[in-house]
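The same subunit A turns up in both complexes below, where it pairs with subunit B and then with subunit C.
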Partner chain A sequence: MGMWGIRVGPVLGLAAGLLLGASPLAFAASESPADGVYADHIDWGVIMDLSGPTSASQAVWTAGIKDYIRKVDDAGGINGRKINLLVEDERFDASLDRIAFEKLTGQTPVLGISGMGNASAQVALASTIRRGKVPVLGSYTTTKAVTEPPTPMFYGGFCGYKEMAQVGVGALTERLKLAAPKVVTVHLDTAGGKEYADFVNAAAMRHGGSSKAVPIKANAADATAQVLEIIASKPDFVAVHGTATTPVLLMRAMQQYGLPTPVFGMAYIGTPIVYNSLPPEAGSRYSFVSCFTPGGTDDSAGMKAMTESADKFGHSAMKDDINYVAGWVIGQLVTEAIAKAGPDVTREKLVAMLSKGFSIDTKGLSAPVSYTPEDHSGIALLKPFGFDYATKRFTGSGTYDEARKYEQ
Partner chain B sequence: MLPQVLFSGLALGSIYGLVALGFALVFKATDVLNFAQGMFVVVGAFLAVTAGTQLHLPFALTLMFIVVAAALIGAAIQALLIRPLTGRSMLSIIMVTIALSIVLRALIEIIFGPQPRALTTPMPTGVFIVEGVRISQLHMLAAGVSWLCLGLFALFFRFTTFGLQMRATANGHEAALVSGINVDFVNRVAWAIGSVLAAIGGLFLAQLQLASTELEGIGLLALPAVVIGGLQSIPGAIIGGLLVGLIEQLASSYVSPRSADIFVYTLLLLVLMVRPWGLFGQRELGRV
Partner chain C sequence: MSGEQAAVSAAPAVRPARGWRAPVLLVLGVAAACYLPFILTERAIFGVRLSNMQLLNIGLTQVNLMMITLLGALSLNYLTGIAGLISIGHAAFYAMGAMAGAVFGTQLGLPFPVVLAGSALVGAATGVVAGLPSLRVRGLYFVLSTFALHYIVVFMLSEYQFRFFDVVGIPFEEATLGTFVLDTPLRWYFFLLVLCVLVYVGLRNSLRTREGRAMMAMRDHELAASAAGIDVRILRLKAFACSSAIAAVAGTLYSYYMTNVNAEFFTIDFAIQFVAIIIIGGMGSLAGSLVGAAVWLLLPAVITGFAAQIGSTDSAFGTLLTESKPQLVNLIFGSLVIVLLIFAPGGIAGIGRSLRDRLSVRVR
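For the complex of A and B:
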């Protein structure tokens, strides 16, 4: 009996009951369904091309982000909540991007969105993204429309075109000991391709050289026209923009014409399939620049963790693909951003946290990933990579920091 | 430069012609515009990947595997999807072939994953140099196989009983039925042959670049080729393919890659306006 003649047992029981009953209420208080945040999970959106012309690279990226999120969920999630990825297939069609974006911001709201690998769609949606409340964190492509000037609603997640052009031109100019590099850029006949060719031209001019842009169709079956143009231009090296088939067609045609000119590709086309499709004498002349470290290149802690998970989740064949690594890194970026925004995360709190500056340590899987209030591109450094046919492994040249000298 | 461009265009056009030949054959025998022909090219490419790269079969067995599997797929599609629609409108059948193309793409992506596959075969990759013109051995082989197929089919239609039955069926289903021809079997064989021809085109295209579902777009260039040549004409399909290949290479080399589509489809429009039955097709006359 207690001091006022009340039995203590039932009182303690009631108190315990209130406490127990209050705990779900406490969780309910931190829910924000309009932001995709629930008591037991958080909805996060991904918009990528999973069945269109760029699905070969974007679906691999999606597998990478899914695997990282699955690893986090298997370990208990973030602050007791699992991350539920809502993946929308935009088939590289800007109109479908808009539908997917509207769906993920209103109909089935998400805390944030990753991917958005369609540059044209990104430009079209730029004002909507800037005016909206849903942050895009870790994009697969980054356009000027959403980064210049930076907006608190957009954070890039892939190597920039400008940096790829600068490092590729700089590294080859140095390696070949050229005073004034003469470059040919073979690029897809698209807005992105033309932009890349312009960046290569600017980088070549910076070294006192010049460049010529030669377009190619995305679904070309032959690169004879482009190679004849290369023969006529006599460049010191060639830059390539395109999908995986572009360097394959180009290198094979160059081999047919006996052209020994070195070629460098952008990060997206630094994939095992390109090297596996080329004979070693042609493949050894092809290098690429990347801000992500392809699987198997080294034994860093990040590489070991990614390899282990890829094997566990049945994606061993993808781990050497730069796009898988990029997706994995963005998975880490998303989960760490959500964790840092706190247990009562909302879109507003996430944006407030991101806009102050944010960085993650990928433990060797990429160049530093860092955002400042003035720069939302995220990954600025890159370095050249090649492929060793004897060991069947990618090889990197120097460190990401060493390649800083090539960037303006 | 011009001889080089012309040769590349003719070689590439030969592959388009091969795929177009299959398209024309199916249309000639069954009156079906098969919009899944581009995806049959992709199926051929992945059959080659399965046999050559995954099962590591010798090349001769790989070829047999592609031919047999593609023929079975073509025949099965005719039996399961096209035959039940006999007598239905052309639009219904076209919708079925479009749906078939979407289903095949999804199946391939589920089975093989999203990444393209490299095809490794012992097909030659070197070059001949003739009078300064570099001739790709692979292009030569593709052109040779295409012309061999054309020759064999010309002989088949001209000199075999079954070829005669196919021609008779193409001229009129009812008349063929009355004459005792198993029209259903003839149609099935036409689909099997169309599928095999597309698959051989897929083998060459996958060797030229990569095995991926994006080959469908290249395979579908057979459509303008066959319309330009004449939907009912076997030689027209081949020559239409060659024209498309030549135009594509000339436009890419002297104007811009994107302009190739403009030139190809402008020719298509001109042919449809001036000679709707195609350059080598026969004008159909109806009595009222």
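For the complex of A and C:
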């Protein structure tokens, strides 16, 4: 018996055994450059929620980036090196985000990191990202903590909350020919939900209108209480923030009460599963704003290439999901950034290249993806989308550039 | 009878001399604990570079967060395993620690040690309030009261956050102890190591006191304990105060380590992890809390590492792992926990005890 009642010997023996037991795996040991760049491959990190509450959308995003990288690897990689994605599951737990970030910084070093779809975790990591060595390129969510002021270590990769609110409110105000829109925002009772409700309120006020925030639980099984508040408020339209379940519950409850009020959702919840879960009469009143073009919307060159690869890699069912498109676009962003940084790419060279300004042409899959030294948000333009139940395809309204007028 | 109780009650009046083994093992243990963070940081041992899998896919941040969780597990084991008061509101004490840390540290700018002391006091006061229902209700009803406490405190933290800070969370400055800034995982490691040892030793020693024995008596037979002159009402509140003070300090440490916390961090899942840890480690065993925390927080990383290793091969299983690694890791981890609970209902500490008993019988 050791001091304090702990049997020290067995503990040490166990530790030594574990260490030695792992020795057969030494085949994995090889030269490990601090930047994740090897002679034949480059390690790139992805941190996303793959088995937690937001995995329904983030796992689809991850499939998108994986498929693009696989396509590039199958074509020979970049400058003779294949891209090896190291995907970390953060289960929407901020402490796991920190563990994953530290791991990808030094434990299994990568050239850069994409994803990071947990806003709270991103804020918690903001100071580490800002003073860190690993650039984050193509995030799934973008917070002010890492973009204001911009840092050379962070580059966003998804539509911003503020822009989503502005375009959604602006487009519906114009479509319904409203002088002063009256809006109800149904949002998750989370930090992100409250922030989105504030943005919708600001956008409504800009048009001389007003808005009311109505919270809903992430695990809600019914939206009757929210619909009763909507009935009492008599809004011109409803904005919704949440997971894929939120608009489904809301639209179903609204249909039950015979409420014909139009509803618009944010990009994350513009997915086929929402429309497929709703009857056409309810789903036709639901639209969403997005900076990514859902699969099947048009026949652009980017869309054709994405569809072909999705079919080839067994992800045909995902290609209509804007989360898949977003992942695919970030795959393109990552590979083109690595290629542009040169054959002797390092983290330093990549950051130097990105900080000067960088853009990619997604060939119709999204609004322009462009970074300047002053703005690292990446994708600024959005447009409204709906779903045609007759053709089972998404429909876009106008061009991304036309929707610029709604943004401030 | 729990491990600690067994150890305490079975302890002979005069212990036999241990000879040279105990001090040598202690020195080796301390040396290993001191060298471990350097191995995990440098990814090398005595200059020999180790692969990620040779280090079991574990990094220093994981170990640090495990130690912070260990404090929570120790405090819950003290409350539940030693005093017999079941609680699922431990995330509330963490949240209270975060809130106290925000008030004393972020808002008032008090020194870090003062913030920790303040958090302990706030935590103790919260614990007393949380323990009040235990004077009237028992069993599942009391568990429900701790469940309610969780939502009340998280709501308070949420309102506090939105009132005084941004929606994205409450920021925390870097913790400093005089001129010693806890700005690297390595520095945090040594600070947390010392703190964990102090809390462990303190709790263990408290079990040898009159009150410690009274708590175990209260857990084992409340009526008999009362008949023996123990004021179980006061004892319950003391247990709650002590446990929640430690948990609140852990919550403050968690906040400082994360540098920003949000009310959303303290979910009911967060609370239940402590219950799982003490069940896996061994209810009533403080040492079991350490093992439980290690299993709960480090084992998934180890399994993930092996899964990634196998997934990089061209086998069918490798492809399956590549496609569904997170789900399979969760499945394997969950299965291991179930197997453990079936074959070792007393937790890992129970396995240790039975092994020790068998060995001692053979020696005789």
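Observations on the model:
Throughout what follows, the second predicted complex is superposed on the first by the 376 of 408 C-alpha atoms of A that agree within 3 Å, B and C clash if a C-alpha of one lies under 4 Å from a C-alpha of the other, contacts with A are read in each partner's own complex, and residues count from 1 in each chain.
We adopt the following convention: a contact is a pair of C-beta atoms (placed from the backbone, for glycine too) under 8 Å apart; a residue touches a chain by one contact, two chains touch by 3 or more.
Just so you know, these numbers come straight off a predicted model, no measurement behind them.
Of the two partner chains placed by the overlay, only subunit B lies in contact with A:N276; subunit C stays clear of it.
Counting residues of subunit A touched by each partner, subunit B versus subunit C, the larger count belongs to C.
In the superposed model, A:E195 makes contact with subunit C only, not with subunit B. By the touch criterion defined above, A:S120 lies against subunit C but remains apart from subunit B after alignment on the C-alpha atoms of chain A.
When the shared chain is aligned, no partner comes close enough to touch A:K133: not subunit B, not subunit C.
In the superposed pair of complexes, A:I216 makes contact with subunit B only, with no contact to subunit C. With both structures placed on the common chain, the touch criterion links A:L50 to subunit B and to subunit C. After overlaying the two complexes on the shared chain, residue contacts for A:A94 are found with subunit C alone; subunit B is out of touch.
With both structures placed on the common chain, the touch criterion links A:K312 to neither subunit B nor subunit C.
Judged by the document's definition of touching, subunit A residues 50-51, 55 lie at the interface with subunit B and also at the interface with subunit C. Those residues of subunit C that touch subunit A in the shared complex are 7, 18, 21-22, 25-26, 28-29, 32, 41, 43, 49-57, 59-62, 65, 161-162, 167-169, 185, 200-201, 204, 254, 258-265, 287, 301, 304, 308-309, 325-327, 329-330, 352, 356.
Those residues of subunit B that touch subunit A in the shared complex are 1, 4-5, 8, 12, 15, 105-106, 109, 113-119, 125, 127, 134, 136, 205, 208-210, 212-214, 217-218, 249, 252-253, 256-258, 260. Interface of subunit A with subunit B (complex): residues 50-51, 53, 55-56, 58-60, 189, 215-222, 224-226, 228-229, 232, 243-245, 248-249, 252, 255-258, 271, 273, 276-277, 279, 317-318, 321. Residues of subunit A that touch subunit C in their complex: 1-12, 15, 18-19, 22-23, 25-26, 28-30, 32, 50-51, 55, 86-87, 89, 91, 94-95, 98-99, 102-103, 106-108, 119-120, 123-128, 143-145, 190-192, 194-195, 198.
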